[in-house]
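See structure below.
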Amino acid sequence: MPLDTLTFVIVSVIKSAITLLILLTAVAYTVWLERKVVGHMQNRWGPTRVGPFGLLQPAADGIKFLLKEDLTPPHVYKPLFIAAPMMAVIFALTSISVIPIGNSFWIGNHPIPLQITDVNIGLLLILGVTSMGVYGVALAGWSSNNKYSLLGGLRASAQMVSYEISLGLSLVGVLIMAGSFSLREIVDSQAGHFWGFIPRWNIFHGQIIGFFCYLMAAYAETNRIPFDLPEAETELVAGYHTEYSAMKFAMFFMAEYANMITVACLATLLFLGGWHGPIFGPRLMQVLLPIFWFVAKVFVFLFIYIWVRGTLPRFRYDQLMAFGWKFLLPLSLANLIATAIAVAW
Amino acid sequence: MHLTLFLAFGAVAVAGAINLLAQTHPINSALSLIAVMAALAGEYLLLGAEFVAAVQVIVYAGAIMVLFVFVIMLLNAGVEEHTKGSRVAILLGVPGMLLGSILVAWVVLRHSGTGSVAIGALPGDPRTIGQLLFHDFLLPFEITSVLILIAIMGAVVLASKPQAVQKGRDH
Amino acid sequence: MAHLAPTPVVEPGQDRTMILNMGPQHPSTHGVLRVILEIDGENIVRIMPDIGYLHTGIEKTCEAKFYQQVVPLTDRIDYLCPMTNNLCYVLAVEKLLGLEIPPKAQWMRVLMNELTRINSHLVWLGTHAMDIGALTVFLYCFREREEILKIFEMVSGQRMMTSYFRIGGIALEPPLGFFDRVRDFAGYFPERVDEYENLLTANPIWGMRTKGVARITAEDAIALGASGPTLRGSGVDIDLRRDMPYSSYEKFQFKVPIATEGDVFARYVCRVQELRESIGIVRQALDGMPEGPIKADAPKVVLPDREKMKTQMEALIYHFKIITEGFAVPAGEVYQAVESPRGEMGYYVVSDGTAKPYRVHMRSACLANLQTLQTMCEGRLLADVVAAIGSIDIVLGEIDR
Amino acid sequence: MVPLSYYLVLSGFLFACGVTGFLIKRNIITIFMSIELMLNGVNLSFVAFAAHWQSLAGQVFVFFVMVVAAAEAAVGLAIIIAVYRTRETLNIDQVNLLKL
Amino acid sequence: MPLSPAITDLEQLKSHPAVARLTAWNPAAVQGVKFDRDEMTIYVDSAHLREACALLRDDSDCAFNFLSDVTCVDWTPAEPRFEVVYHLLSIPKKERVRLKVRLGSASPVVESVTSVWPGANFFEREVFDLFGIRFSGHPYLRRIQMPEDWEGHPLRKDYPVEGYR
């Protein structure tokens, strides 16, 4: 094997491992954050017992999930029942691979981009992988051989397919503005300021409606309140994961939060200017600040997620479909046409 | 390297295709087909057709096959039933398929074995494809968009419940 | 009213439909209600409630107890409004005995009864909102409910199973600081109701989920025996507190909220307005609380005060007799109904002249209200069943007894 | 470097599998999936030829095939649902009459 | 508030609208009346119960349009053993009346009032379940509180309260 291929493989493996580590930690602490924030919104404390501020709670949860008895009900369709959570988690984790979290930095003469791989169709790759994510949910619902699960699975697949269209169309506006599928180039197109102080992010650059559509569609894609019908616990017990327990359940759980993080990263890259922000200070600071801005924006987006969860009730199934097809889809189409006209001018 | 990857993806595709035939439950067949499609997306990537690969995953695996799975779940399709005719079809069809593919392989390998493609041989980036699609192939593009519109309408009409049935339910 | 007739067979009527068992272990059937649904996709074709999973035979148990021993049992029927059940039972027995209750006891009963109503409505609002997905309202409601439970504990020593009302009056003189605490609560509670309404009433999603959903007309509601907010939400103006007053409710000023739409939202509006009216009644009760004894002057029925018992021979004898052999109640029968948070709570007590009731029957508002579910839900969506069950505010303890 | 013929053999095999599935399968949905498999086989040869001749037109044809496949899936599945509604079976042997 | 003795004389209570209406309709339907502790009780002949209920519901003077409750009392060993008790409420007049039907122990059957008030459904099922009274014409007379395979009717006075079944 030639040397540069070897280097490529080694660097990729290292980066994948690091990304996976960071992502899983982020997933764990997003759960913690959600419990804490929703707790405070609801006059509770959230986790406090394990570690300071309950910071070790995710570890405790993980141990609990690992040590719990892994039940497989007798009437399930076993191969898919086992495969479904794996599919969910694999697709959720894969999509993070093309997300850049900052500028490249240099080790010697080698530029190390802060992402696993920089492909020039990065955005399409994410869309493709997330569109596969529906299989985990749908097959879990079907293979559980449980009526509630089946309804959850049906709801999930219908919902995710429907909202994917709006999701894709809401992104096209940004693509037209940036003229590229590469996430790095999209972020670079958002550098600079209007009149010296308003950052040139897409959200301030005529894509506010696009951002709104993206937000709604993304909530629906990740099955979060107010679109959490596939797992609406008060109607469908737990929807598609009714029959799951222990680590298999934890996989769905991880997949949901990993998807949330992916969506938040994507929103940051596409609408909120990625890692752009004021850069100052010594050289080390200049390397770290973009990452900080990126993480801060992702955090804000996640916070909105949690905030909405603490506030809104849930749609009904027909209303959800009507909202997706009759409101969100025309709106994102209109946004797309308006953007195209504006850019062509 | 190229050959190894080609063979790996090819093996997945072949295994998926055979599994599609071998499985009796439609959901297993659907999953095998998804595997075939994902493997083909890999082949496209090897050929440098990145955009096609992405669209293959998004459209085929992410949309069309989800519809299939959805319908299988909706209709609660069970294991296939076999009739006398179908057994004959299997007896004749499988050897026929093997024979046919061996024949095709022999002819192809024999007569066009000279050409070869390199990894990433195509300039398959979205920009050039877009140029081609919206300039040279504009008319076919528009016609397909009309086609898909008609298909959508047809699907809506077909899948909506007949009026008589709906009235009968309002008791 | 042919459409109100039940469709009982538990088999799918059509080939495309499927039978879904909702409950008895299901997060939104509020206990152990089992609802058998026949669904076509997400549409409800038929719905049939199945009850009895919490049947404890309280009516039978009552027949083996002395009259005063039945009071703690009544707490356990509807565990969300124990005092209302206490009140209804003691009113019935007092009517059988022909007892005169001193004004302070009556006003205390009104005060506690209205707090109980608020308590029950808070649980309803929280769980109903949670069924529809608004998690936060649940915890907000339980924050206020906690304060009410603390008030209950202060006055009766128990948070839920209070047994505070006794035949002939109330159990104990309210402790020091009790009225201040209630006044404090009544002071800030209206703001808290505003808080709940901020989260729900004008929320478009909440409106979409509740307006026009699970509609029932006034005629159907009356025919099915619905009562309370379920009936008033359909525009029937009846409230037993105002129309057939008991325990000196006629001395209080309050409005009876009515809504005409008959949907989930109408019932929601009725109950939320009732929260505000109830706190108004609590204030009036605090302001006009009369002085005087808290127990009727009937030594053979009412337990003597502790101090009298320790100092007077006669009181000790009465105490001993009441505890060991109860008190005889003149033969006869009484049906006493009160307006519980859920509707018409009625106690039918039959006496044969002995110290134990011959028959105690509870008319459960929920049992009748539950029958409306069929009319409300057929032809609607699965998620509407959850909203409808939430909106009729059932308590399985009361339904099954 | 992979010979073009390898791609064509793979493509031909997938197509043959599709044809066989079309013939031997009894479930309408599976038959339908076999058609998709054939289309996929053809797509592969399109892309391979495009790479071989360094012409993008082959790729463009793949898009058109995908669009047709999508339209076909939508209409076909709708037909399957309609057929299932009236006949309550998915077995092709029992759906061989044009009317009920 | 001393108790006044119950009035059971039909003539004295003629002025009550429900009594007046029922006697005017069919004197044989009214077997007796009782006015005790401000509550009106009318003993109705079991054969005429459903019609009497429909009459009281639809009559504009009475307008007892709301069925509050259906229950039963077991007076064993007396005969007739069962008293099925109906509590009616007039929402427009804010009045109550109690109808009673006496049933013998041999085969306690009474007409169902579900055709008058669909809401009687659960109440009658409960009475059937716990007392074993049969309601003819009830659309779905099955046990409601007890399990389907339960033996006996627990609220009857002769049902054992101790020991194991």
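Chains: A, B, C, D and E, in written order; residue numbering restarts at 1 for each.
Everything below uses one rule, namely that a contact is a pair of C-beta atoms (placed from the backbone, for glycine too) under 8 Å apart; a residue touches a chain by one contact, two chains touch by 3 or more.
All values reported here derive from a predicted model rather than from experimental measurement.
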Smallest number of touch links from chain A to reach chain C? 1
State the chain with the largest centre-to-centre distance from chain B, centres being mean CA positions. E
Counting C-beta pairs in contact, does B-D beat C-E or the other way around? B-D
Take the average of all CA coordinates in chain C, do the same for chain D, and state the distance between these two points in whole angstrom. 64
When centres are defined as mean Cα positions, the distance from chain D to chain E in whole Å is 72
How far is the middle of chain C from the middle of chain E, if each middle is the mean of its Cα atoms, in Å? 24
Intercentroid distance (Cα basis), chain B paired with chain A, Å: 28
Where chain B touches two or more other chains at once, by residue number: 51, 55, 63, 67, 72, 74
Which of the residues in chain D end up touching chain B in this complex? 1-10, 12-14, 16-21, 23-27, 29-30, 32-34, 36-37, 40, 43-44, 47-48, 50-52, 54, 56-57, 59-60, 62-64, 66-75, 77-82, 84-85, 90-91, 93
Would you tell me which residues of chain B are touching chain A in their complex? 1, 27, 31, 34, 41, 50-51, 54-55, 57-58, 61-63, 66-67, 69-70, 72-74, 125-126
List of chain A residues in touch with chain C within their complex: 38, 41-44, 147-148, 151, 225-226, 228-229, 232-235, 237, 309-319
Interface residues, chain A side, partner chain B - complex: 1, 5, 80, 119-121, 124-125, 127-129, 131-132, 134-135, 138-139, 141-142, 150, 153-154, 157-158, 160-161, 164, 181
Residue ranges of chain E touching chain C (in the complex, touch as defined): 1-3, 6, 36-37, 39, 41, 65-69, 71, 73-74, 85, 87, 89, 91, 94, 96, 98, 114, 117-123, 126, 130, 139-140, 142-147, 154-155, 159, 161
